[in-house]
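The structures come next, written out as structure tokens.
Two complexes, one shared chain (subunit A), two partners (subunit B, subunit C).
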Partner chain A sequence: MQFVNLLVVRLIQTILVVWIVVSIVFIVSRLIGNPAQSLLPFDATNEEIEAITERLGLNDPLIEQYGRFIVDAAQLDFGYSFHRTGAAIDQVGSKVLGTVKLTAAGLVVALALGLPLGLLAALRRGSPIDWLARVIAVIGQATPSFWLGLMLIFFLATRVDWFPTAGAEGFRALVLPAIALGLLSAAGFMRLTRSGMIDVMNTDFIRTARAKGLTERAVILRHGLRHALIPVMTILGIELGRLIAGSVIIEVVFSWPGIGRLMIESIFQSDYPTVQAGVAVIAAAIALGNLLVDISYRYIDPRIRTAEL
Partner chain B sequence: MSERNYWTRMRRRRMSRRTLLAASSRAGVGAAGLALVGCGDDDDDDQQGVMQAAPQQDQPEPQPAQQQQQQTMQAQQTTQQQQVEQQAQQVEQQEAQEGTVEAIERDETDVDEEATEPEVDLDATVRVAIGRYTAGLDPQRSGSQTNYVNGACTFDSGMSNHPETAALEPNLVEAIEIVDPTNLIMRVTPGIKFHSGAPYTAEDLQFNFERVAGAAAYHEGGEASDHSNQWATARGTFGTTNFASYSVQDELTFLVETPAPNASLAGSIMSGAVRHMSKAYVEENGDEFVDTVNAVGTGPFRFAEHIPDVGFKWTRYEEYHKGRDALAGPRLAWYRDLDVEIRPEPLAQIAGIEAGEIDVVYNLPTDVVEPYNGDDRFKVLYGPASNPTHYVMFNTHESVAEVDGEPNPFLDIRVREAANLAINREAIIEGLLTGSEKPAYGPYAGTIGYPKEALESRYHGYDPERAKQLLAEAGYPDGIDIDLHIVTDFQPIVPILSLVVQQDLEAVGIRTTIVEYLSSEYFRTVRTFEKPGLFWFFTNSIAEPETVIGSGINENGFYAVSVYPETNIQELYIAQNQALDPAERAALLEDFYVTFYENYSWIFLTEVSAATMTAANVNWPVGSAELRGEGTLTKIQKLRNA
Partner chain C sequence: MAARAAEATVEMRPRRRLRRPRHMRRWLLVMPPLSVMLIFLVFGIFADLIAPGDPGHTNVLARLEHPVFDGGTSEHWLGTDHVGRDIWTRIVHGARVSLIVVAIVVPGAAIFGTTVGLVAGWRSGKLGQLLMRYVDVQLAMPAILFAVLLGAALGASLTNVILILLVWTWTAYARLVRAEVLSLKEREFVLASMAAGASNFWIMRKQLLPNVFNTVVVIMTLEIPIVIVAEASLSFLGVGAPVEQATWGRMITEARNYLTQAWWVMWMPGIALMLVALCGNLVGDWLRDLLDPRLRNLG
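Moving on, here comes the complex of A and B:
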């Protein structure tokens, strides 16, 4: 029962977070310009601009616009896109799959690189493998993802024709953006796994496990790694947010049709409804992702099961 | 030079972003990439004009030798194009003689391989990458109108401009007859068909002028539109709002009465600002359908497919009303299919060419193509950017008659002259731009044609000492502090160029603070005339001067930041627009331009270039001087065996 109550509280917190974020976006977007201008050629007359401004309801007092916005947003109605046909939320919805696919692939890359490397580095502490893993981690964390993306295109798509330079057709098109997106997180996972494993491998229960006669493989994977993964799980929620945020740039670099690219275009076009819908969806995704990570603690670490989330 | 000197930093800027990427990748210096590589922003307006072959950047001293080489390369390309055109004509003749394309293919197999020469592949697919995505297909609807490629491919304008003189040439309308100073007859070109098969008639002409003015009856000017995102016109001033009355006389004749003599009317409403749709098709299918599902025009390409966020496809309209030898405007395309792919990042666009996925990228920032100059796998060409002529306007409105409690300094012609003499245009052109640009002389694109002799003989030049002297004489021996307002997301060169202008002005004592805006805020701010200081601006590249001077110099114009009631500029502006005789109007326009220039009405800066890059087997229309990209895409040629 306590778990359910806490879950409800966290859900309410999530809604509050989304509300605060979209409210900030609402205010900021009104400060940066009149979308009517972006709907018309720059040599449109004042009358034409005024007519569209009126038609979009942007002459109403800001508080009135905000009230309307919040009531509608509560029903997932963010209005119609200024630049695309259909409701803004539908525009965002049609891009969710693209972003989920890219983010998931980035996460897979991050975990597939970060965990084994971290594990190896911890088990071979001070060895060339450890040194190499740490260098990779530093490079991974110091390299901007968009620069890495352009480098990957430069070397792996144009110099050698292994992957397409852009687009989202087929599995090959997913590889480079996933690497560009996932490497930064991989570095973080690697460092955490390494330090976690080093700490765990010196604990009493690992000595006990060895004393019981378990194989080294069982000691590492069943006892050591499971404990070392708790801090990794802690930052998984944060990394998920970072991956979604990072996908904004990666989608632009690789011409990947997703929410990030839609957001960038919409910001430049002052397409308020689409920006607001996109931010709401991203904020909700990150908040819910963190909630899921919190819940998953219970299943990884029995000590947390009885504690507060 | 101090750290603040732009030119010391400019040497680094002259390295392209791509060069830096390559270099930093070799050195593993991610920070360089972080500092200098951004997500590019470009304006994908299809406006392209004269394209010139790229200078060979591998020459250490790029001056006379380079120019010679450039001219040689240009000549070679022109010759190559002529050869290719001749060959294509031969192919067409052969097609006509033997009746089928298969016959050509059969002949090709018989040709000795050694004798094979490049020839135009009339069945080719040309793949073009652009950066800006606009989903809508309705060329008259606000928002959708910025889908410029769709506008130029699917639709036609009323008339085209002569590539050299900019005079109006037949297109959908074959002639405009002036009956008297306020009455015109527009003669529709007979035999033109929409992609739907319906004929283009005077009814369609009237419908388009009504619809573009937001006055079409079928949807009550947009009020009763079926479009779920609403419908509002993007070009309200280009239609029936200019007419006192109008009527369709017969299938090919449209009568127009104007409230007063209007010399600029034809040039404005017949330009690419108005793309013509089928009345029957629009009325039958509704606004939303023609904006989102299918576009039907008379243009050189039939709309085939739209994949949201990915791109568009068109196929050649075989019954297009103009052949490949047309004098002006679009023509029957040299290839069959046109695939346009959306790639927001310029470097990813170029990578597409390198990887063989893309054939053509245009309107690129010039710095990103520099590493490819001289690479025989590609062709790099430079030409005027979509908003080619840049200048800075002084706010001389009454609302800012005083700046910080003092008289507005720019009301004094000596201050304006000083600002003009402060700018080292040659250094900008040679050091920052490609070297092929010209100084700006007035409110028009250099490709359009202007009173060259009269203006160039009055060139303001660069004289900072004289500028300082003039400022002192005007009562500003310690200089002036003022804001320089710029727009950052309209053309990538503006933020960079504004730093140079700032430095040049500061050198004579005009100290500016750059105030940056996004375009959505900037144009609105300019129109208020309320902020003192300097405002960055640029021309469009529509041939009709009214489209720039009507809004930017006419004292009632919404961008008329610089007004000078003490001069005869307004009288000349009005007079030229009432002069229906072309020669008389040209003479008045010359007086107008010279007066405006000699009044130091703006800080006249320079023209600005954009780059086009193609695969080696693609001919971009070198030497084309057509305006607003009219027909540019139809003239691309993809070669076999190249």
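Moving on, here comes the complex of A and C:
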């Protein structure tokens, strides 16, 4: 019962977060002044501007505009794109798959690199592997992702022709963006796995597991790693948010067809509705991702299932 | 002062032989990154003396000139970019832009975040809860989204960058300072002051603030490379500093089209950025271990 209560509270929180973000989007949209000017040709008369302003509902009281904006946003209606044909949300919708693909690939890289390295580093402290892991962690955490992406392009796509420099054609095109995106999170996962494993391997139940004659493999994987992964689960939500946000930059670096690149292009085309829709969709995705991760790790670890939020 | 306090806690533990050499080794290890950060500081402050030329000066006759160690002349020792601007001059002046952003954002966010953290920790009831809920919302949302939004609405400007980074970095201070205050509140010296009738403001200023000071300094140091990278990322995307300003991010963006024919145009600012980010991190880690090792598991 408490678990259900908790779910409801977290769901309300998620909606609250999205609501706040959409409100910020509205406030910022009022900062740009009258979009009628950018919709009409330069030599438009005052009457024409006035007509458009009236049609867009910009003469209504601010609170009314805000209410309408929230109601529309709840139905995913952000108006028509200024630059492309069709609704802004459809522009964003057509790019969702690209961003999801990239983010998922980044997460796979982060986990596939972070967990084994962290595990090995913890089991062989002070060994060359531990050193390698630490160097990767420091570099991964310090290097800006866009610069990492450009270095990968330089060495692996222009010096040697192993991967394409841009675009999303085929599996090979996914490799470099996924690495550039995932390395930062890999460093985080690695550090937590390492410290978690070191803590766990000194506990009594590991000694018991060894004493009852389990193979070292079973001790490490079934008893040790499972416990070491709990802290990793707790930051999964944060890392997921980071990956989604990071994809904006990586998409620009690799000309990857996703929401991030669409948003940046739309900025330079003064296509404000598309930017709004993109920001709202990404914010909602992050909030939802956080919610799912939160629920799933509470489900996996009964001890924190009913703990404080 | 702070260093002596850290040493004192070390002395209280059973003396281990490894302690001292290890500290000294770390001292030696931190010298190179510390020097890099100092050079960055000097470049930023004295940019006009170190590279007196105009970073925006173009020369179509000297486009994509090689750096001096790759067959170029000493006139442009790091080469020139696609419109003939001197890369060395632009890097030095780019350091100035980064430094300005850091010099405003880091102390500004520290002051605001610490104040909020002190209040939220001291008044941990409704007010504290409300403040922390807001911090959580903001931590869940990446700065870049709002940078994109503001960039779209207001256009590129350095003021926007500073504003966005200020709004987005104060939460780190607030969260950690609040956590510290929550435990300090239960300590005897604070309880004694409360019993003696000290005002809230006096306790915060004289007792809480000095005790969270180390934590704040450590976070500030750790935030320096984060802010530098964030500024460069925004400039890279074109929502940072305006076009006419020489920034590392902008230089890297513009160099992308010349990647195959003129490697140095992209690599020079890239190396500068990578070096400063890496060294900033190393210095931050070192200071954290020295002043406040409990912060080690900070995300």
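Assume the second predicted complex is superposed on the first by the 265 of 309 C-alpha atoms of A that agree within 3 Å, B and C clash if a C-alpha of one lies under 4 Å from a C-alpha of the other, contacts with A are read in each partner's own complex, and residues count from 1 in each chain.
To be clear about the criterion, a residue touches a chain if its C-beta (ideal position, glycine included) is under 8 Å from a C-beta of that chain, and two chains touch if they have at least 3 such contacts.
Since we're looking at a predicted model, the values are computed, not measured.
Colleague: With the two structures laid over each other on chain A, which partner does A:199 touch: subunit B (first), subunit C (second), both, or neither?
Modeller: Neither partner.
Colleague: For A:17, select first, second, both or neither according to whether it touches subunit B, subunit C, the two together, or no partner.
Modeller: Second partner only.
Colleague: First (subunit B), second (subunit C), both or neither: which does A:86 touch?
Modeller: In the superposition, A:86 touches subunit B alone.
Colleague: Considering only touches as defined above, state whether A:72 meets subunit B (first), subunit C (second), both or neither.
Modeller: The answer is neither, since A:72 touches no partner chain.
Colleague: With both complexes superposed on chain A, which partner does A:164 reach: first (subunit B), second (subunit C), both or neither?
Modeller: first
Colleague: For A:151, is the partner it touches subunit B (first), subunit C (second), both, or none of the two (neither)?
Modeller: After superposing on A, A:151 lies in contact with both subunit B and subunit C.
Colleague: In the overlay, answer first, second, both or neither for which of subunit B and subunit C A:43 touches.
Modeller: A:43: touches subunit B, not subunit C.
Colleague: Contacts for A:52 in the overlay, against subunit B (first) and subunit C (second): which applies, first, second, both or neither?
Modeller: first
Colleague: Examine A:268 and indicate which partner it touches, taking first as subunit B and second as subunit C; both and neither are also allowed.
Modeller: After superposing on A, A:268 lies in contact with both subunit B and subunit C.
Colleague: Residues of subunit A that sit at the subunit B interface in one complex and at the subunit C interface in the other, please.
Modeller: Comparing the two interfaces on subunit A, one with subunit B and one with subunit C, the shared residues are 32, 139, 142-144, 146-147, 150-151, 153-154, 158, 249, 252, 264, 268, 270.
Colleague: Could you list, by residue number, the parts of subunit A that touch subunit C in their complex?
Modeller: 16-17, 20-21, 24-25, 28-29, 31-32, 138-139, 141-147, 150-151, 153-154, 158, 188, 195, 235, 238, 241-242, 244-245, 248-249, 252, 263-264, 266-268, 270, 272, 275-276, 278-279, 282-283, 286-287, 290
Colleague: In their complex, what parts of subunit C are in touch with subunit A?
Modeller: Within the complex, subunit C contacts subunit A at residues 137, 139-142, 144-146, 148-154, 225, 229, 232-233, 236-239, 252, 256, 259-260, 263, 266-267, 270, 273-274, 277-278, 280-282, 297, 299.
Colleague: What residues of subunit B sit close enough to touch subunit A in their complex?
Modeller: Contacts found on subunit B: 21-22, 24-25, 28, 30-31, 33-34, 37, 39, 41, 132-136, 142-143, 145-146, 214, 227-230, 232-237, 273, 288, 291-292, 308-310, 341-345, 347-348, 351-352, 354-357, 489-490, 517-524, 527, 540, 547-548, 551, 558-559.
Colleague: Mind pulling up the subunit A residues that touch subunit B in the complex?
Modeller: Residues in contact with subunit B: 32-49, 51-52, 55, 80-86, 94-95, 139, 142-144, 146-147, 150-151, 153-155, 157-158, 161, 164-168, 249, 252-255, 257, 261-262, 264-265, 268, 270.
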